[in-house]
Amino acid sequence: MASIIVLSGSPSATSKTAALSGHVGSRLRAKGHVVREFRVRDLPPAALLAADTADPAITEVIDAIAGADAVVVASPVYKAAYSGLLKALLDLLPQFALAGKAVLPLVTGGTPAHVLALDYALRPVLTSLGADHIVQGWFVLDKHITVDRAEVTLDPASLEPVRTAVDGFSEAVHARRPLAVAL
Amino acid sequence: MASIIVLSGSPSATSKTAALSGHVGSRLRAKGHVVREFRVRDLPPAALLAADTADPAITEVIDAIAGADAVVVASPVYKAAYSGLLKALLDLLPQFALAGKAVLPLVTGGTPAHVLALDYALRPVLTSLGADHIVQGWFVLDKHITVDRAEVTLDPASLEPVRTAVDGFSEAVHARRPLAVAL
Amino acid sequence: MASIIVLSGSPSATSKTAALSGHVGSRLRAKGHVVREFRVRDLPPAALLAADTADPAITEVIDAIAGADAVVVASPVYKAAYSGLLKALLDLLPQFALAGKAVLPLVTGGTPAHVLALDYALRPVLTSLGADHIVQGWFVLDKHITVDRAEVTLDPASLEPVRTAVDGFSEAVHARRPLAVAL
Amino acid sequence: MASIIVLSGSPSATSKTAALSGHVGSRLRAKGHVVREFRVRDLPPAALLAADTADPAITEVIDAIAGADAVVVASPVYKAAYSGLLKALLDLLPQFALAGKAVLPLVTGGTPAHVLALDYALRPVLTSLGADHIVQGWFVLDKHITVDRAEVTLDPASLEPVRTAVDGFSEAVHARRPLAVAL
């Protein structure tokens, strides 16, 4: 059982990215992990953009990441890359905030033409944060994510690869904590 | 004589990026261009992060870019890429906001190890915005930028390549407006 | 009227990339440019991989690029990037072999998921070669390219954007040679 | 004890990249791994560029990678990216040739300005090959690598981070083979 933070970087209140994050969080909980979700849009905008790490809400998310075993980072694709909102949070983290952690990158977008934003834009930033193990992530088409009240459903074409990604991530998290698993 | 917008994407009040932007703006004015500078950090944070394009300050910068012949985009390098603050502004622009425009990309950073963030991170985003001509940009080391009151001085090692970049940009702007130049 | 080199970087004898290059070359000739095509696969493999710039065939392509006003660079997408074959040629060019030239980047691939390889992989390499003006390129799906004997046909979904890219490139080439155009 | 392949992608006979690869191979052997090195330049050029997977030397390296637990991939930085020579080999591997494997990426170059080629150019290609765990790699300045006869010496400024990278890789290889380690 590991502690996992899920960061969701969409500015939208009815975000497909947040829905996907919720879906992934549920699956990780079902596997026995302790999961805590943060939507970057819920953080105070002025403190976030000014990198005010003394703001209590900002401090809370920084501390939560520091104390976690692993992090899921989810973003919509805007202008061929991750959202500025997500990047604003990553910018104010300590330089090696992801050292010693496993990371699962996820992106959502309206067209398959944006798939490579995951590996060419998001992954290098996560690598620069010192992440030890960034597992294979996945790109999910917006139209494959359906939200009905609190219920999130994935199209079969995306459900299977997302499960594979989440399960691979869960195994990577376990592999990093061999003693705890053994006890 | 062309109309040029300078966007400066540092969250810091005493930013080297903003100083460099001011230096470049002055040189472009000296070449006869009409230059207007925007610091993204001066935009209302909540409206910026929520992509509220109805906010008057946001509307103003969007309209200014739409009406310009060319744009300078300057950012510090954070976590191996442009700032989240800059990206938050680029995210809320129309999809082809830079179509028909020349663009000069500039980045600043503390170590030469970040040079390629210009071409691997910033340039693809500017390309996705439809920019017609993104000229060769330049990476300037923070320590090469000195600010004394309102006076910005560049170290000789950076001064020459920045001039070359700005002059190449100015020529590209002229080349795009051949009739106006001829009259 | 400008001199344009078309480089085609597919290892395949029946390449969709080469077919697209031929199509683009024809259109550029119809616009009055002098076009010369090189398939990298026709260069001597040992000399190419050893960067033997004294080899006559290698010398010929280097000189042709040096003397050209503009270059079209076409590659299939393999493993999320340009082909190694194309890169082997680019590797042995002088460091600023594309300085002062306009460049049109084109890529072909089997799935739209590879679209961003154009801007995140190929374009930074062309920028490092000093290209003055890399115009908006295009990604063409393999299945949109049909070859019947020597006749190349593009699917309407790709024909229009390829024409737009080629015409924008042709204009950029003209814009770079204002005196010649004026005479 | 794991089986590790070291791929060295420099076209030069007196390559700093190959020297670094040898150094890393020795350290991995000292940690008890079974290491086999391949220099891509030793493969038959015509077969390599034509992706002739029936060529015995090509078959041998493909099979060696398929049977290995982990792979070190080392390249010089040319034109802001990995060498075309290395990419030519990666191009002819099966699409998911690195699935289930740990990978250590290493690059060498003449200037720190090329550091990010590791994470923006090489890493996305390795990810597309399905690598499970690409550990933090390292960029080594050419001048930090000294070769005296068969003896390779690293400058202290590079020695420590290369050791850290190799040791992290070795641990990742072990973590992936928990049963073998336990027995």
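A, B, C and D label the chains in the order they appear, each numbered from 1.
Heads up, the rule we're going with is that a contact is a pair of C-beta atoms (placed from the backbone, for glycine too) under 8 Å apart; a residue touches a chain by one contact, two chains touch by 3 or more.
Keep in mind the model is a prediction, meaning the values are calculated, not measured.
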Distance-maximising chain from subunit A - centres being C-alpha averages: C
Averaged-CA centre spacing for the pair subunit C and subunit A, given as whole angstrom: 38
Inter-centroid spacing, subunit D versus subunit A (mean Cα positions, whole Å): 29
Multi-partner residues of subunit A (each touching 2 or more other chains): 80, 116, 119-121, 124, 127-128
Category of the chain touch graph - line, ring, star, complete, other: complete
Residues of subunit B defined as touching subunit C within the complex: 116, 119-120, 123-124, 127-128, 130, 132-136, 168, 172, 175-176, 178
Interface residues, subunit A side, partner subunit C - complex: 80, 111-117, 119-121, 139
Subunit C residues within the subunit D interface of the complex: 11, 41, 45-46, 48-51, 78-91, 93, 95, 120-121, 124-125, 127-129
